[in-house]
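As written, the chains take the letters A, B and C, and residue 1 is the first residue of each chain.
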Amino acid sequence: MFVAAEMRQFQQIFTRPFGLAKGSLCKRVERECKDRHTGMDCRYPEHREVNLGHPPWRLGSGNPCRDDGQNLKLTTLTGGIDLRWFRLIAPLLILSLCCTIVHGKEQEIRLFGWSDYLVQEVLDRFTLETGIRVIYTTYESNESMYAKLKLLDGGGYDLAIPSTYFIDKMRKEGMLQPIDKDKLPHYKNLDPRQLDKPFDPGNHYSIPYLWGTTGIGVYTAKFELRTIQTWADLWKPMFLGRLLLPNDMREVFHVAFRVLGFSGNTTDPAQIRSAYALLKKLLPNVRLFNSDAADVLFVTGEADAGVIWNGAAHRIQREEPAFRYVYPAEGVIIWMDSLVIPKNAPHAELAHRLIDFLLRPDIAKLSSEKVGSATPNAEAVKLLSPELRNDTTVYPSDEVLAKGEYQTDIGASITIYTEYWEKLKAE
Amino acid sequence: MTKLKSTYLALIFGFLYLPMAVLVLFSFNSSKYGLRWESYTLEWYRSLATDETLVWAAFNTLLVATLAASLACVVGTLGAIGIFRYRFKGRAVLQGLLSVTLMSPDIVMAVSLLVLFIALHVKLGFLTLLLSHTTFCLPFVTMTVLSRLEGFDPHLIEAAEDLGADEWQAMRQVVLPLAMPAILAGWLLSFTISLDDVVVSFFVTGPEFEVLPLKIYSMVRLGVKPEVNALASLMFAVSLLVVSSAQCLLQRK
Amino acid sequence: MANYFKTSVILLLSFWLAVFVLVPNLLVLAASFLGRDESGFINWSFGFDNYLRLFDPIYLRVFGHSLGLALMTTLTCLGLGYPFAYFLAQFRTSLRPVLLTLVVVPFWTNSLVRTYAIRSLLAAKGLVNNALIAIGLIDEPVRLLYTRSAVLIGMVYILLPFMILPLYSAIEKLDRRFVEAAADLGAGRLRRFWHVTLPLTLPGVIAGSVLVFMPALGLFYIADVLGGSRNLLVGNFLKDQFLDARDWPFGAAASMVLIGLLFLFLSAYAYSLKRFAAKDDRQAQ
């Protein structure tokens, strides 16, 4: 087969650094002509009569000086080693396997959350106080989180932080396990106005963590603030190739719906189609889609304007004072993220401890400060510094909230949304 | 050697090495976003050393690479011996399947393996990763061993059998030593490919078993974190060390 | 005893390949005809819808872009790599192992790390832009990242060593006497190259091209890191279908189409090899 020729090439390519360009990993050792099992050297007559003690068909059972593949030594990395040395590797492998098993017994939990919410300080404090290690894995959108959890059949992760509309969906599909509020003494710190919402009556499956808004961010050194005050302004030709949009289907479509005057949670196929047509026209203005690292992209100058979360906006403002977060005139998008425990979480017990830790006022305050989003923890809000409490990026005014819209579950229409979203990204 | 040719060589070398050199340089930069040179610091290397998850991820990667390469060598060598030695009905089909595996892009293989594991309700984790890596290493080993075996005198085995060896002994004591260089080359090849694999690992691994390439991928996606610079520089240094020491050790022989 | 060994060895390989190669691909084929399920993975509704959906110009463009990008990458690598390998083969023998090692080192470095390095270089406040501003060629940073050219540069950077090494192997084996003979017979430099050097090194060219073209179709992480999550390539598109949009049947159909296209390419490659060999034979007669 023609593949065999390629295979020889491959072999040569990879053994090249070891100086074995001709494809052979073995060098004939000229010095020794001794049979490696009996030590006899057939060049000397007194050795020839001796029964060599191994079967006649064994390679090299005649003259050890013959080049038949038996008196070869392997010249690999360490040069001239006998193949029998490989028996050392087996115990090493077994040892390493044991180490892996031992490691698995350490106390650790896996938290699956938005990249925005990774506050190393909070996690380190938790580890310091309880000895439990937290491994934080990130996702960019609720859809990718949901897809991953579906693949793992509700196992693998101990905690996740979906948005409200996905909690509804996951709860109905039985992907979550109930949270035992008896294990959460700090649960009472939460603001009652944020509890017992329609997507999770009684909060049996979710504990609110942070809430915030999605609006427009603009670097005023590049674009004047007044040029970008509404969602519709994003379509202006002056933003050609400059915008950053979140890699989140619902958010992007929500923007288009607001411009067209529809609800952000519509399930009408005609409305969705018109939103798609409108978004197609926005595509030339889009430089990239990214939710993971929006703040980094603004600070490093890759994006100058776009749609971002208020937490990211707050963090950017700390580095670049010329950055502004704008609440669009048509109405901002409001979301809330809650902690949930997947159905087959390996360490549900430890997960409860982390939830309780996060509900502590001082920790909730720290989270809100570091992330830049608002906390639903009433006790924590009391502890906040005045600048943060009055910072409209983090804690929007009531008028803004009144005009804004929460995202809700859209049920089966998600397939229509997904189809159009994939088409948008493929252009 | 004309000036022009040397310049061209230097240019291409520059292209290959400049990004890595800049990376190494900025891993010592104390600026958080790695943009302007601020001051010299080893802070990022220190935080790297204390990051346990990275160390475990590196260990996991090496473990999977070693095991997958070894397993692929066992299955592949035996398979190659079978294909070389015997004429049986499905021989062409097997060779065809091996070529298909060799030529498939990673993503196609990753997708098909994911579908398989989900259909069989196998938990994604160490086992699925090991099996997947072994599968894509398998054709490399088989083809390498096969091409070496085909270069050998078939009469050797006949001679052994005439002298009284049975099938298993003939294999173990005649064919295997002859094929050993190819087996080792195949092992090395499989080890390298498994270490560097991102695509297949991305699809079939579970959160309980982290591998280094995927950790780097998520770190890279999260933006310009200086620790990534330090990690990248370390990995570059390691590969530089491995290749040059291999070269040096062999020159000495 | 002979039969034991023979059957067990053949069964082992067959079993492994059947379970991990044949069955998965058959499953994907089967899935491509089924329907999408919102909360599960697939819906047992049979139909050709997925393939029909793929014939939308947007998706066809994705396939076209991927093939085009892979081809461009291969040609660029060839264009850059062939002279490099040629000059390297002419270099002083004393320094050549060192230079070869230098070529191989990036090859042994993790490709993600190298992609990250390229991203740092091309960033708005990265080295390239800073240098250009310092020289005074531009005032504002040029938007290099998150474009198709960035993805091309990234691909070429990662895959160049894969092209250089087979080319070098082939060029090293080239018997100079053929070229000299052609020169003696009166051929100019171009003719010597086109009629003697190139055909003799063609196996290396083809091996290198295959080694570059195949990965170029599937390396989605390069397009992800350097391209800004736009699904310009089939790799990204497949990843999205399976891990984000969860439309497994649609992704399976796309995967099948990709396999079909590759099969076509490989058949063309095998056919051209046969024709090339046959032409050689005929010319020799």
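Methods note: a residue touches a chain if its C-beta (ideal position, glycine included) is under 8 Å from a C-beta of that chain, and two chains touch if they have at least 3 such contacts.
To keep track of the chains, here are their UniProt names: B = Spermidine/putrescine transport system permease protein PotC.
Every value quoted in this text rests on a predicted model; they were computed, and no experiment measured them.
So that we know how the chains sit together, what is the shape of their touch graph: line, ring, star, complete or other?
Here the contact pattern is complete, since every chain touches every other one.
Among the chains in this structure, which pair is joined by the largest number of C-beta pairs in contact?
B-C
Indicate the whole-number Å distance between the mean C-alpha point of subunit A and the mean C-alpha point of subunit B.
Whole-Å distance between the two chain centres: 24.
Could you put a whole-Å number on the gap between the CA centroids of subunit A and subunit C?
27
Would you kindly tell me how far, in whole Å, the mean C-alpha position of subunit C lies from that of subunit B?
The mean C-alpha positions of subunit B and subunit C differ by 17 Å.
Note the residues in subunit C that touch 2 or more other chains, in rising order.
41, 97, 101, 104, 108, 123, 125, 242-243
Using the touch rule from the top of the page, what residues of subunit B touch 2 or more other chains?
Within subunit B, the residues that touch at least two other chains are 33, 35, 103, 114, 118, 192, 221, 224, 243, 247, 251.
Touching two or more other chains, which residues of subunit A qualify?
Where subunit A meets two or more other chains at a single residue, that happens at 17, 19, 151, 300.
Help me check something: in the complex, which residues belonging to subunit C touch subunit A?
Its residues touching subunit A are 36, 38-39, 41, 56, 58-59, 61-62, 97, 100-101, 104, 108, 123-125, 141, 143, 145-146, 165-166, 169, 172, 203-204, 207, 210, 227-232, 237, 240-247, 270, 273.
Using the touch definition up top, name the residues of subunit B that touch subunit A in the complex.
33, 35, 52-53, 56, 59-60, 63, 66-67, 95, 99, 102-103, 114, 118, 121, 123-125, 140, 143-144, 146-147, 150, 156, 159-161, 163-165, 169-170, 173-174, 177-178, 180-182, 184-186, 188-189, 192, 206-208, 210, 218, 221-224, 243, 245-247, 249-253
Sort out for me which residues of subunit A touch subunit B in the complex.
These residues of subunit A touch subunit B: 1, 3-4, 7-8, 10-11, 14-15, 17-20, 23-27, 55-59, 69-70, 72, 74-80, 83, 93, 96-97, 99-100, 103, 110, 112, 115, 118, 133, 135, 137-138, 151-153, 155-157, 292-293, 295-297, 299-300, 346.
So in the complex, the part of subunit B that touches subunit C is made up of which residues?
Interface residues on the subunit B side: 1, 5-6, 8-9, 12-13, 15-20, 22-23, 26, 33-35, 75, 78-79, 81-83, 85-86, 88, 90, 94, 97-98, 100-101, 103-108, 111-116, 118-119, 131-132, 135, 138, 142, 166-168, 171, 192, 195-196, 198-199, 202-203, 212-213, 216-217, 220-221, 224, 228-229, 231-232, 235-236, 239-240, 242-244, 247, 251.
Help me check something: in the complex, which residues belonging to subunit A touch subunit C?
Those in contact with subunit C are residues 2, 5-6, 9, 12-13, 16-17, 19, 21, 141, 143-144, 146-148, 150-151, 173, 241, 247, 287-290, 300-302, 412, 414-415, 418-419, 421-423, 425-427.
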